[in-house]
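In the two complexes that follow, chain A is the common piece, with chain B as its partner first and chain C second.
Moving on, here comes the complex of A and B:
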C-alpha cells in the first residue's frame, strides 16, 4: 500500500513538474515571440531583453589607475621634462639630469597633451576627459585657468603668430580644431578637421600648424580611405590646405622637420580592400611615414621591412638639425631611427612614380632605417631635448620614460613613474592588446584596428573559406561587455572564442594567443567603457528638443496616423536599452550573395555616433545613409513615414547613446 | 638501514635514473660533425654518403674543447651528420645511417649523450633535419644519389612531423627542396631551384620559404643574383641570413660564406665574413652573437695544403678567422652548432582544409610586372593559362580563365601539384611565362600582386574586380566547370 502511495505521489509530482516545465516553457516561448515580434524565435535567455543595469557592467566599476605617461614637453633650457599622466589626473615634472620625479600636480580631467610657452613659464594641458584646456604656472604647477574646447582634446601646440600667441588644440571626439588665445585663455575659433584630429605641430615658427587626423575618412565601401593632414593658419584660424594620406589610418604622430621644411606623419598603410590572404609584405597593413613637403607634395615610405614589421607607429620627433627622425612603434616596443638626409637625397631625384611606389616596397626602408632601439612596453609619445642630444620615450604601459643618448643610440636610464601595474589584470590585458608579436612577423596588434578600443572606420575582407565578397565593418570594442555573442554572424559566444584560434587562423596567421593572455585580453576589453560622443558639459543633461523628438521616434510603436508598427520593426525591440541590442540575429535586408541568409548579429548602439561606417559591411557612410540609401521595404525599422527633419532628429538622438 | 636512509637512496637512484634518461649537455657545449680525414666514399653512394662517408659521426664537444672532451652522440651508426638542436637545448637531431638498414634516416639523441632514437622511416631515406615550433621535425626526403640531387627523377621534398604524428608533405615543387632551417617567424627557409622550364643538373639555386603547413611558398633570396649554388641557410640572429655558396654542384667544391639582410634580401647579398672565407664548411650562430665556422685549415700558417677542416669561433667584426677552437688533425670538423636554449620559433595556425581538393589563387593585376612582356607591345593580359606538372615529365595545360579589365584573376586550382601561369593577350599569344614552380594546398587562399611582380612588394589598396564573381574552378583533367 505504501509502495502504491509512493508511486502515485512520485508520478503525480513528475506530471505536475512536467506540466509546469512544459507549460512554463511554452508560455515563456510565447512571451518571447510576442515581445520580440519574431514568431520564428526559439527559446532564448531572458537576459536578451532583461539586461540589468549598466552600472553592473565591468567598465562601470572602479578600476586601478596607473601612471601611464602621455604627452611630454621639455623646458626651453632642457633641464625639466613635464609628463602628462592622464590615467592619474596628474602632471609630473622630472629632472632630466637625475631622472628623478621632482613633483606632481593634480590636473583633473585626463591631462594628455602638453605644450609650453616660449619662456617655459606656462604649461598648457589638454584634458581629454572633460573637454578642457588648463594652464599651469610652471613655477609651482598651480592651475591658473581653464577653458572648454571640443570633445576629447588630445594635443595642444603653442605658436607665436603675427596676430599674437595662439594655442591649437586637436579635438579628437568632435572632429574639429580649437584655436585659443592664451592670455586671457579663450577660444577664438574652431575649425573642422578631418576625422579625429589627434596631434599638431608648428611649422615655420608659427606660420602654420599641421594637424594629424588619426582616422581615415570613409568615402564609400569600395573606395580607398584616406587620412587628412589639416594645415591651418593659426593667426587667422583659416584652413590653408587639406592633404590626403592615401590609404592611411592611425596617423596619430606628427612632427615638423627643421631645416628641411617637411612635416612627418606616422601612419598605417592599410590594404582593407584587398582580401586578407596573407600578413607578410604588408598585405593587411604596414607601418609608414608620410613626408609632406612645403609644396604640398606627400610621399609615403615604409617603416616596416621585408621580413619584419614594426606596428603601431605613433610618436615622431625630428632632430634640431633635421637629419634624423625617431619613430615610436607602440606594438613592437622599438624606436626606429630614420636617416632624413638619405630620404632628402632620394626625394630630390625620385620620379613621381617612384614616390608613389615607395610605400609598396617593403625592402625600401633598408636604405634609411639606421637603427631600431628596443624600449619598454608600448612606446608612444616622444620628446627631444632642445639640443637633440637626448630622446625621451614614454613607455606607456610600463609607467616609465626611457632616456636615450641620440649619439650612441644607447639608453641612459629611465624616469620611473609607477610600478607598471603588473598585478592589474586589466593592465596586463592591455599589454596583450598592444602586443604585435602575436601576429605573423609582428604585422599588427589589436590596437592597430581598435585605437583606444574603438573602431578604425574601415571594412576588411576576411577570406574565411573563400576569397572576396566578404567585407566586414570593424566594430567598436568600447562598451562591448554584456553584448555577446560577438562577430557579425553572432557565432562567437565569448571574447576568448572570438579572439582565440579563429583569429589566429583568419587574421594573425600564427599560433593563437595563449589562454592566460587571452583571458587577460578579454578582461581588458570588457573593461573598456563606451565611447563618449557628446561634449562633457552635456553629459547627464536633459535631451535637446531635437534629441527628444528622435528618442520618441526610436521608441515609437505607432505611426503618426495610428497604424501600429510591427514589434519586429520597432527600433527599441531589437536595439533594446540599456545596451541597445537584444543580442539576436536579425535580417534587415542587407545580406550579400555570400552572406548568411539568417542575417547578422544586432549591434549595440552605445557610442554609435562615432563608429561610422555602418551596417555589416560598412556600406553606409553615415547614420543617415542607413535609411536614405540602404533601407529596403522598412526592414530596418519603419522609416518610410519619416520626414527629413525627423531623420535628423533620429540621428541627433542616436548620437547621444 | 633506516627507513629514512632507504628513502634517500631510492630518491638518489631515481634522480640518477632520470639524469641518465635525459642527460643535459654542459653549458657552452657544441655539437659537431666529424668526418674521418681521407675516408673513402662508398660505391653507389647517395648525396649523404658523399658528404658523410662511413665513420662520420656526430659528437658533443664540451668546454674547453680538448680532444678528450669529445663524446660520440651517434653511437652505433655507420655514419652521421647534419646535427641540429631542439629549442630547449635538450635534444640533438641528426641524419644517420644504420649499419644494418643501409639507409639514411633522422635520429634524435639527448644532448648530453645516450642512445640515438630513430624518428623517421621514410622510403628512400631522410636528411636535413630541422626543428619547427612545437618540436615539429622538418626534413627532406628521399635522399637522392650523389650528383643527382637536382636532376633526380624523384626530387626530395620537405616533410613535417609533429611528435607522435605521421609525416605531412610540405613542398610539391618540381625540383628538390633541401636544407631546411626554421626562421624565428615560424617559416621554413630552404634551398630550391630557380624556376625553369627544363630540369638541369646544375640549376641556379636560391632560397625559398614555406609555412610549416606547406602553404604560402615564397621566394626569399638569391633568385636573381649570385653564384649558382647555395647550401645550409641559417638565420644568424643579427638580421642576416647566412649560407654557403659555391660555383659548382660537385661534392668537394670549395665553398664560402655569404649572407643577405632579411630587411632587403634581394638587394643585400654579400660575403658574410670580412676576410677570405674559401673552404668554409658551415656557419651557425651562437647565442652570444658570434659565429661558429667550420673551415679548412689548408694553407694556413703551419698547416699543409691538404690539411683538415677545423672549428672556429668568429666574433662580430673580426678581421680574420683566428685560431681554431677545436682542431683534431685526424678528423674534418665540418658542421658545428651550439647547444643552448633558444626562443622557440613562432607557430602557425594552419589554413589547410584536408577535405578540400583545391586551393584558390587571386592575382591582383596580371599586368603588374617588373619584366617586359615577350611581345614588347605592352598589351594587357586577356587570359591566364594554367599549366601543371601532373607526373614525371608530364606538363599539362589545365585551362584558361579570363583576366578582368583591372588585370585581376580569381581561380580555384588543384592542390598538391606544381602549377605554372602564363598571361596571354587577346590573340592567345604569351605575354609572360611562369613555369610550374609553386603549388597550393587544399583550402589555401593565395594571392599575388602580379606576374613576375617586384620582390617584397605589397599590393595597392584597390578592390580587385575578380572577387566580385565566383571563381572559376579548374581540375587536373583540364576541364573548366562552374562552382
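Moving on, here comes the complex of A and C:
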C-alpha cells in the first residue's frame, strides 16, 4: 500500500509539476508573443523586455581614473610643459629640464586640448566633457573664465589675426568649429566643419586655420569615404576651403610645416568597399600622411612599410625649420620620423599620377622615414620645444610623457604622471583595444574603426562574396553593455565570442587574442559609456516640444484615427527602453540582394544621433532616410501616417537618446 | 536740349541717396518732389549671356557676395563670375541638388551660400556642395523658391511650407498651415526683418513670425479680391504673394497683381498697380530691398522706388533702353539710354549704393550708376 501510495504521490506531483511548468511555459510564451507582437517567437529570456535600470550597467558605475596625458603645449621659453589630464580633470605643469611635475590644477570637465597665448600668460583649455573652454592664468594655474562652445571640444588653437586675437575650437560632437575672442572670452562665430572636427593648426601666423576632421563624410553607401580638412579665416569666420582626403578616415592629427607652407594630416587610408579578406594583402587599412600644399593640392604618402604597419597615426608635429615631421602611431607604440626635405624634392618633380599612386606603394616610405622611435603604450599627442630640440610624446595609456632628443632621436627620460593603471582591468582592456599587434602585420586595431569606442561612419564588406556589394554598417561599442547578442546577425552572445577565434580568422587574419586579454578587452568595452549627442547644458533638461511630440510618436500605440498599431510595428516594442532594443532578430524589410536572411539584430538606439549611416548595411545616410527612402509597407514601424512635421519631431527625439 | 546728368548732379544724387538712407534716424524728409532724386540712376548696362559662359539665356537670380563675387542661378546650374569676366558653372555633378537654381542667399556669419533649387536646398561652403532634400533632411519640400539666412537660421520657402534650419542644433522646424496662421503651405519667399521673419505665402498674403516668441501675424488683403485692389493703402495688394523683401524697416510685397509696401515703424501700407501708378507692371517677379528703396523686377522692366519717386527701366520695341523718372508734383521724364537691359522680363535684382545687377530672361546685366565720366550715356528725351 505504502508503495502504491508513494507511487501515486510521486506521479501526482510529477504531473502537477509538469502542468505548472508546461502551463507556465505556455503562458509565458503566450505573454511574450502577445507583448512582442511576434507570434513566431520562441521562449526567450524575460530580460529582453525587463532590462533593469541603466544605473546597473557597468559603464554607469564608478571606475578608476588615470593620469592619461592628452593635449600638451610648451611655454614660449620652452621651460615648462602643460599637459591636459582629461580623465583626472586636471592640468599638469612640468619642468622640462628636470622632468618633474611642478603642480597640478583642477580643471573640471575633461580638459583635453590646450593652447597658450603668444606671451605664455594665458592657457586655454578645451574641456570635452562639459562643452566649454576655460582660461587659466599660467602664473598660478587659476581659472579665470569659462565659455560654452559646441559639443565635445577636443582641440584649441590660438592665433593673432587682422581682427584681433582669436581661438579656434574643434567641436567633435557637434561637427562644428567655434571661433572665440579671448578677451573678453566669448564665442564670436560657429561654422560647420566636416565630420568630427578634431584638431586645428594655425598657418601663416593666423592668416588661416586648418582643421582636421576625424571621421569620413558619408556620401552614399558605395562611395569611397573622404575626410575633410576645413580651412577657415579666423578673422572673418568664413570657410575658405574644404579639402578632401580621399579614402581617408581617422584623420585626427594636423600640423603646419614652417618654411614649406604645408599642412600635414595623419590619416588611415581605408578601403571599406573591398572584401575584408583583403586584410592579409594590406588592402583594408594603411597608415599615411597627407600633405596639403598652399595651392590646395593634397598628396598622400604611406607611413607603413611593405610588411609592417604602424597603425593609428595620431599626433603630428613639424620641426621649426620645416625639415622633419614626427608622427605618433598609437596602435604600434612608435613615433615615426619623416624627412620632409626628401618629400619636398619628390613633390617638386612628381607627376600627378606619381602623387596619386604614392599612398599605394608600401615600399615608398623607405625614402623618407628616417627612424622609428619606440614609445610607451598608445602615443597620441606630440609637442616640440620652440627650438625643436626636444620632442614630447604623450604615452596615453602609460600615464607618462616621453622626452626625446630630436638630434640623436634618443629618449632623454619621462615625465611620470601616474602609475599606468596596471591593476585596473578596464585600463588593461583599453591597451588591448588600442594594440595593433593582434592583427595581421599590425595593420590596425579596434580603435582604427572605433575611435573612442564609437563608429567610424563606414560600412565594410565582411562577407567576401563580392566587391563592395554586401556591406555591414559599423556599430558603436559605446553603451553596448547589456545589448547582447552582438553582430548584425545576432549570433554572438558575448563580446568574448564576438571578438574571439572566428573574429581573428575573418578580420584580424592572425591568431586569436589570448583569453586573458580577450576578457580584459570585453571588460573595457562593457565600460564604454553611451556617446553623448546633446550639448552638456541640455543634459537632464526637459524635452523640447518637438522632442516631446517625437517621443509621443515613438511610444504611440494607435494612429491618430484610433486604429491600433500592431505591437510588432510600434517603435518602443522592438527598441524597448531603457536600452532601446529588445535584443531580438527582426525583419523590417531591409534585406538586400546579397543578404542571406531577412532578419537582423535590433540595434540599440543610445547615441543613435551620432552614428550615421543607418540600417544594417549603412544604406540610409540620415535618420530621415530610414523612413523616407527605405521604409517598405510600414515594416519598420508604422510611419505612413506621419506628416513631415512628425517625421522631423521623431528625428529630434531620436537625437536625444 | 540735352538732358544730361552733370558731375555735380551725380554727386548730389549720391548725397541725396545717403540722406534718404538716413531718414530712419529722424532726419527731416524733403518735401515731395523737392531736392535731388533720391534714387541712383543707371547710366549704362553691361550685358552678359551665353557667350560669356552663362549656361542659359534665362537667369533666375543674382547675388553679390561679401567677397565681391557675383553668383547667379539659372535653369542650367549655378554660376560665379570669374576674374576674367567669364562665368564658371556648377551643376549636379558638382553636388548641386538640382540644375534649376531659383534663389541664393549668403550667410553673413560664415560666407556660406545657400542655394534654393527645384529639388532641394544646397549649401556651398569652402567649395563643397551639400544637398538637403525632403528625404535626407527635415526640409519640408524639395521645391525651394526662396532662401534667407538670419541669426544662425536658414529659412527656406518651399511648396509645402517654410523650413527653418538651426545651424547650431541642426534641427529643422517646418512652418505650414498646421502650425501657423498661414492658410496654405505654398511659400514663395522669406525675408528676415528686425527680429522677425516675413513669409510670403502664395495665396495667404504675408505672415510675420517672431521666432523668439513663437508668434505669428498674418497680413492679408483687406478686400480679399485678387483681380482688383478695392482697398488701397490698407494692406497687402492681394493675398497672392510672389515675393517679400525687407530692409531698414520697410517690407515689400510683390505680387502678380501689383506691389505693396509696409512701413513697420508707422505700421502703414501703400499699394501700387500699373496704369494708376508709375509701377511698370502688375506682374512682379521679385523685389530687392536696399535701404528704403525697392528694386522691383517685373515682366516689363525694372521699377525702382522709395514710395514717392520712381525710376523705371524699359526696353522699347527697337531694343533701346529707356528710363522714365517720376517725381511727385513733376511731369515724368523719359530719357533714352545708349545701352539697354537685355530683356524686359526681369527675374531679380541685386543692388547697393554703387551698382545693380539684373537677372533677366535673356542674360545677366550689370547696371553702372551715373558717374561723372559717363554722364553722356543718357541721351535726350525722345
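What we mean here is this: the second predicted complex is superposed on the first by the 646 of 657 C-alpha atoms of A that agree within 3 Å, B and C clash if a C-alpha of one lies under 4 Å from a C-alpha of the other, contacts with A are read in each partner's own complex, and residues count from 1 in each chain.
Just so we're on the same page, contacts are C-beta pairs under 8 Å (C-beta built on N, C-alpha and C of every residue); 3 or more make two chains touch, one makes a residue touch a chain.
Every value quoted in this text rests on a predicted model; they were computed, and no experiment measured them.
Chain B and chain C, once both complexes are superposed via chain A, fit side by side.
Looking at the shared chain after the overlay, A:621 reaches chain C, while chain B stays out of its contact range. By the touch criterion defined above, A:491 reaches neither chain B nor chain C. Of the two partner chains placed around the shared chain by superposition, chain C is the only one that A:192 touches, whereas chain B remains out of contact. After overlaying the two complexes on the shared chain, residue contacts for A:501 are found with chain B alone; chain C is out of touch.
By the touch criterion defined above, A:629 reaches chain C but does not reach chain B. Of the two partner chains placed by the overlay, neither chain B nor chain C lies in contact with A:146. Vertex at the C-alpha centre of chain A, arms toward the centres of chain B and chain C: the angle is 130 degrees, rounded to a multiple of 10.
Between chain B and chain C, the partner in contact with more residues of chain A is B.
Between chain B and chain C, the shortest distance over C-alpha atoms in the superposed arrangement works out to 18 Å.
Chain A has no residue lying at the interface with chain B in one structure and with chain C in the other.
Partner chain C is touched in their complex by these residues of chain A: 150, 174, 176, 189-192, 228, 230-232, 236-242, 244, 546, 621-622, 624-625, 628-629, 643-645, 647-648, 651-652, 655. Against chain B, in their complex, chain A makes its touches with residues 222, 224, 246-247, 269-275, 277-278, 280-283, 286, 305-308, 359-366, 369, 437, 440-441, 461, 463, 465-469, 501, 504-505, 508-512. Of all residues in chain B, only 133, 183, 185-186, 216, 218, 261-268, 346-351, 353, 360, 362, 364, 410, 443, 445-447, 454-464, 466-468, 471 touch chain A in the complex they form. Of all the residues in chain C, the ones that touch chain A in their complex are 67, 109-112, 123, 125-128, 134-138, 140-141, 152, 160-161, 167-168, 170-174, 176, 178-179.
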